[in-house]
């Protein structure tokens, strides 16, 4: 399947791009992260500490163990600091 | 001693005046209330239920057992409803 | 810190902006505005009586306590008396603090004390009569949390 | 209920007045305004990044929950993104309810959720560098009370 993967804040800066299109068969977010880490050092550095990251699937907050079935947009970002 | 006694809200309406000057030897607020009740039916009616009244001595909230020593202004009123 | 006990109407938005304009370190500004409810159209007017002198003393003491307790950058209280119409602003509180928790807590504290400890009394005037507003048990209870 | 996610500055007082003008049954209006702190003059600017689309979805859901839970008469959220200067308004929340307890609780709830669950990220720009603002543990803890 083809996914749009978005990055925000320092995650975007470390990876060096705000979005990329990914062709993957990953079953869960964690599987997708493992594939992204294998890509290059930038991704590996960005995903080094999952506890400091959040993920949204089709614009809804989710967990790293969430399945990707039917999902089109995956976003990774640090904890939000709005308000 | 001479005291200025003030009334507010429905207490003022029942007694029929906003303030009066009282010559008294009352030791406490409760003693003063007893003297006022003895004055006439308006006062008696107004002070019938002390639990529904509040008192301030020289513009500070006080209790009905407070002494009147040094006090110049006594105010009686229902519970406040500001805000 | 500013207190105004006044008969005139006030512009809550303009007051909030003026309050905020003077701040530099405050990241959080909370305002509360109390308005005359029209009670489904049955209210002709609201009359607010107060105890001149004690009103200012009581509110100033409450404000000083709030500023000290929550380390406020600034605080404002405006409270009207006299005859008000439905939907008129009755009063407002504004608090400013570095973070939001302090600004919220101080504004709620000020409101709880103004409701039950500042010498104001409200009378609702209807076409068919008038009644002094009764104090609410929940307002007295609200004081206990502080 | 109105939500605006915008780059432009806004006039908090004028927004509060417009919000209040539409009310009839509400006796209580609470506003919160968040401002850029100047950090003792060390802040050159603040940049706020957001996630277009999710931002609106997340905040709309939070607002609908607040309106239902506290039976609000109305609610307003304005949140800016882009480049802001010290003392600029960042965002505001307004809530209106019949009584004050509901208006205060809903405003605090909205703020707690906006802080930690709406997809905004702040970056502080100083003359000598820049840092993404770290999430505060106290903000995450604040969510647990709801």
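Remarks
Each chain gets a letter, A, B, C and D, in the order it is written, and its residues are counted from 1.
The rule is simple: a contact is a pair of C-beta atoms (placed from the backbone, for glycine too) under 8 Å apart; a residue touches a chain by one contact, two chains touch by 3 or more.
Since we're looking at a predicted model, the values are computed, not measured.
Touching chain B and chain D at once are the following chains: C. Distance from the chain C centre to the chain D centre is 23 Å, each centre being the mean of its Cα atoms.
Chain centres here are Cα means. That of chain A falls 71 Å from that of chain B. Chain D has its Cα centroid 26 Å from the Cα centroid of chain A.
Residues of chain B found to touch two or more other chains are 83.
Touching of two or more other chains is recorded for residues 34, 100, 111 of chain D.
According to the touch criterion at the top of this document, the contacting chain pairs are A-D, B-C, C-D.
Looking at the complex, you find that chain A touches chain D at residues 6, 8-10, 12, 56, 59-61, 75, 77-83. The residues of chain D lying in touch with chain A in their complex are 34, 48-51, 53-54, 57-58, 79, 90-91, 111, 114-123, 132-135, 139-140.
On the side of chain C, the complex with chain D involves touching residues 11-17, 20, 23-38, 40, 87, 98, 100-101, 103-104, 107-108, 111, 138, 142.
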